[in-house]
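Take a look at these structures.
Common to both upcoming complexes is subunit A, partnered first by subunit B, then by subunit C.
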Partner chain A sequence: MPRQAPSALPLAAIVVVVALVAGSLSRSSQLDVTTGLVQMCIVIGLYSFVGVTGVFSFGHIGFAAVGAYVAGVLAVPVTQKELLYAELPGWLSNVELDPLVAVLAGALAAGVVAALLAPAFGRVSGLSAALATFAMLVIVYVIARNYEPLTRGTKGMLGVPRETTLWVAAVWAIVFVVVVDLYQNSRIGLQLRAAREDDVAAGAMGARVGVLRGGALILSGLLVGLAGGVYGQLLGSFNPDVFYLDLTFLTLAMLVVGGINSLTGAVIGTLVLTFLAQWLRDLEGALDRPGLTEVCFAILMFAILVLRPSGITGGRELRLRLPRRRRRQETPPPVAEVRPNSRT
Partner chain B sequence: MLEVDGLTVAYGRVEALREATLSVGEGELVAVVGPNGAGKSTLLNTVAGRHRPRAGAVAFDGRDIVGAAPERIVGFGLALVPEGRHIFETLSVAENLRLGRMAGRGRTSAEDVRELVARRFPVLERYADTPAGRLSGGEQQQLAIARAMAAKPRMLMLDEPSLGLAPLMVDAVFELVVQLHAEGTSILLVEQNARRAVSLADRSYVLRSGRIVREGRREELLEDFEQMTSAYMGGG
Partner chain C sequence: MEDAIQLLVDAVSVGAQYALLALGIALLFGIMNLINFAYGELLMIGGYALVVLAGMWAPLMVLVSIAIVVVAALLMDRIAFKPVRRADATTLLVTSFALSYLLQNVAIMIFGSLPETTGAGSGLARSIDIAGVVVSRLDLVLIAVAGALIVALVLIVKRTALGIQMRAAAEDFEMARLIGVNADRIIAVGFAMSGLLAGVAGYFLVAQTGSVSPTFGVSAVLIAFIATIVGGLGSLRGAVLAGFALGFITIAFQELLPAGLVPYRDAFVFAVVLLTLVLRPQGLIPQTARAARV
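Let's turn to the complex of A and B:
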């Protein structure tokens, strides 16, 4: 058996190329690409749960919200806190963390929220699990809207340092690609993907499916929380609606269009929809039809689900061919063709 | 090597297996044949730890394995290739084999598995990166057997390996069973394809309605078949 080449390399190369090209574009286009790369991090985090375990989630944007708010509050300069966050508890009003440290703290907070949910996820699966994640999203949203001392509610967060440049986003996207590729090809990742197919058979091969799924939720919570913090530091100001249904729909559409069962799908889906959004928004302006983008995405997602449920990538990974491999057969012959085992 | 004694398994009030007693010796190839619904799969699944018996004992290497979890039983060196194969279809052939090796808890190295595949499953070698679901039925069956063998079990249980395969592929799969047996793996083979299985096996058991109704060596049972055929055909 030839050794499998990692798919992280070609995917990271794609991210670098995208960032290089974007670097030569106008400021507004650069901002769109930066947003796309941050959303790619969210989609990869989502993939690390939905794609790897096969358990659907409508709630991971809740982790992004936790990450964004925690990272935001910790990084707002003390001078602005007096002005904007007067009701903040005393110990918090004197904290001003380095933006990067704040992002990591936000990820940790989202990971803790995921850890609270994890034991339940060992038991439920399918639609129940998807609804449970949605309930989590609603809870986070309601808290963000109403716990004003910390979040400023619907007035929104202000004064979050804008640290996420094009290259910061690109570096994070590469880190996400590498981490999730290592994870999905690890022993645990392989057992989870086997359980996605057939959890009885995977259990018989030694996978403790419930425990592993809980662990997958925590890891994905950390990742999406981290991406949320990075997103917050791109926006600088945001309100709870930023991390609610629109973003949930957009990130799910990106994953489904790209291909829910592969990391390559998460990357490609994000890029395709980001560029499509650019083009549709111009069209929207020209035709004076606001909302056209969302409708087109919904139709696209619907079409993919009906016509090609495994997405653009068909669940396959982009791989470099290892040089020592000589023979290569891309497709096995059709089922009807019979090739007897060679005799020895 | 495997001793099953008075095994009774029930689904609710229906007894699928009644006081089945059988044994498989070291290096032996034993077949269990019988019609659909006779309890063949129930027997294998219970031995493999997927069902709890109502009564009876199962010992592997003298160790009582009733009630042990399936993955522990695989760990002891007793592997099941279930009916319907249960390969992981979106995972590549190589990943399926890696999972099989992991079930052996370090008994085999990646190199051992590579060597096993090159020697016994050359068809699979070519498709290492191909999703297993895209292989033909016969290739999938070979993969299921290879995955079980990747844990280097001392005994292999095969549940209807010929089910739903083209005739040529049935030949290939049975030949594989013979090869694995010749290399010293003990095998318990369950088949509906009775004559074929009996003629391969050292000994066979006939299971009907959950009971073992006949046990015999190859020659004895083949003679049974002759008599049955002549009885049905009315010839001499």
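Let's turn to the complex of A and C:
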């Protein structure tokens, strides 16, 4: 395996530049960029499953919900709990964790949920797996709506400390980029990506595809759960609908537009849609047509799927080119070679 | 005894509705490997058609609304799915997800996000008393219409030349084309049938709830997904059976779950789905033609 220049470096640099530029903007623009960076974490977490294994998921926002609720309820100050969460079980109503610890606990909870589901993904693949993840999303949503002692149901979580600033979000985005880049180039990551291209061949070469995919689900569950906790601490108050179909669509659109098979795609897609959203929201306000932004995103996603199914990045990673290594440059994964006009 | 019969009628009526929904999904999956998220938006289009057409003579209104849904389904095929027809199943799934989201938001742009109420189907709301069992006319009409549609569909698929071509396309699409099956036509027929089922199911859904919103079709399409997965993706017989089974399970959960757990009914139903996928990944009635070939 020839050493590659890591793509984490240029991607982290992009995140830093975005945060620096945003820091000089107005408060509301800063908030939008912060939201974009937190969503980038979710999309990177989603990529660590969908992109690396090739199994599609509509359910990862369920992990984000678990992370957000658990991190939220653990971090709400005890004084507010008496008022807002009177029905909490005793031991929970006396807990007030540091927000960062609470986020990690939320990630762990989402990881546990993913671990419960992992065996299923050792057995099903392709479409059935995608639909199973959808079933998971619905289960989490129904529980969040109805388990009022903990989640306050449709009234929504309140009083979650707002700890996620621009730089907190940027640091998390960098951590995610680094972790997922290391993961996808690790031995396990390479086996999974081999199985993505051809699971029978990968299995024949000794990759235990089912077990590895289960593991990938757990890792992505942890990551998305963590991002969910961070998102919850950005919003401060949220209800189950925040973590349902809208966010599922938005994050999927970001991943598809950027390019589903590369980490660079996850980062670029999020940035492109975040900036487009700025512009479209203004237009939507001017024309008084709510839903316009979503319609444009859906059309963009559709155009990408038809004209360039591998996304803006075409499955390639952004790499620093070190001249002396050029000779040994690896060929990009086969997906990158599918040209739009060869699919007639 | 009366209670039991009443529950049975409920279960059959819910099951018939689910079977209609599931058939619309399973039909297209059989032909072109498409799980159509946007099927729910066909229901929604039917619902809004009824809102817009309010005031027309009821039977005509229902027919026109169904016709509109069929046309919408055909347009869906031409505009959205034809360009990606050769892509893999997952891309098709994502495309249909994007399309579903697109149509929901177009509905928001036109009608706003609040539900529109409609009196369509209120003529069927009265209940009738048969030997001590109170049944709503809506349930009876639903069961009769769904039964007739399912039988008609089975006859078309099993007996007619068109049906044979459809089954051939479902078995092996490329091979079917090689021996002269017109792919465009078969897929268009599939979409039209799917639209017909959606139009009918949408009407009954409106008659039950009395209102339409942009997300009107979402929960219905979830049910349809479950039934098609549990029934074995692409198997029409499986979809119908699973639709009825789901109707019974839903009513049973409603009756048997302790009161505190009833709000979680859907969570339990979806847990059953997850479990089915783990224990029998090919569904209850596997499609032999779809077994993995290496």
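FYI, the second predicted complex is superposed on the first by the 322 of 344 C-alpha atoms of A that agree within 3 Å, B and C clash if a C-alpha of one lies under 4 Å from a C-alpha of the other, contacts with A are read in each partner's own complex, and residues count from 1 in each chain.
Just so we're on the same page, a contact is a pair of C-beta atoms (placed from the backbone, for glycine too) under 8 Å apart; a residue touches a chain by one contact, two chains touch by 3 or more.
Quick caveat: nothing in here was measured; it's all calculated off a predicted structure.
K.L.:
Quick check for you: in the superposed arrangement, does A:Ile268 touch first (subunit B), second (subunit C), both or neither?
P.N.:
neither
K.L.:
For A:Leu212, decide between first (touching subunit B), second (touching subunit C), both and neither.
P.N.:
neither
K.L.:
Mind working out whether A:Phe134 is in touch with subunit B, subunit C, both or neither, as first, second, both or neither?
P.N.:
Only subunit C; A:Phe134 stays clear of subunit B.
K.L.:
Return first, second, both or neither, reflecting whether A:Ala12 touches subunit B, subunit C, both chains, or no partner chain.
P.N.:
After superposing on A, A:Ala12 lies clear of both subunit B and subunit C.
K.L.:
One more residue to check, A:Val168. First (subunit B), second (subunit C), both or neither?
P.N.:
neither
K.L.:
Of the partners subunit B and subunit C, which touch A:Val76 in the superposed model: first, second, both, neither?
P.N.:
Neither partner.
K.L.:
In the superposed arrangement, which partner chain does A:Arg187 touch: subunit B (first), subunit C (second), both, or neither?
P.N.:
It touches subunit B, and subunit C stays clear.
K.L.:
Which partner chains sit in contact with A:Arg319 here, subunit B, subunit C, both or neither? Use first/second/both/neither.
P.N.:
So A:Arg319 only meets subunit B here.
K.L.:
Taking the superposition on A as described, I'd like to know which of subunit B and subunit C A:Val200 touches: first, second, both or neither.
P.N.:
Once the two structures are laid over each other on A, A:Val200 reaches both partners.
K.L.:
Touching subunit B in one complex and subunit C in the other: list those residues of subunit A.
P.N.:
Comparing the two interfaces on subunit A, one with subunit B and one with subunit C, the shared residues are 200, 343.
K.L.:
Once bound in the complex, which stretches of subunit A touch subunit C?
P.N.:
56, 58, 117, 119-120, 123-124, 126-128, 130-132, 134-136, 138-139, 142-143, 145-146, 200, 245, 249, 252-253, 256, 289-292, 294-295, 298-299, 301-302, 305-306, 309, 343
K.L.:
Considering the complex alone, what residue numbers of subunit C touch subunit A?
P.N.:
Going by the criterion above, the answer is residues 33, 35, 80, 83-84, 86-87, 89-91, 93-95, 97-99, 101-102, 104-109, 112-113, 215, 218, 222, 225-226, 229, 233, 263-264, 266-267, 270-271, 273-274, 277-278, 281, 294.
K.L.:
Tell me, which parts of subunit B touch subunit A in their complex?
P.N.:
Checking each residue of subunit B against subunit A gives 48-50, 70-71, 74-75, 80, 82, 86, 88-95, 97-100, 102-103, 105, 110, 113-114, 117, 119-123, 125-131, 134-139, 142, 166, 168-169, 171-172, 175-176, 179.
K.L.:
If we count contacts the way the header does, which residues on subunit A are in touch with subunit B in the complex?
P.N.:
Answer in residue numbers: 1-2, 4, 187, 190-191, 193-194, 196-198, 200-207, 261, 315-316, 319, 327, 329, 331-335, 337-344.
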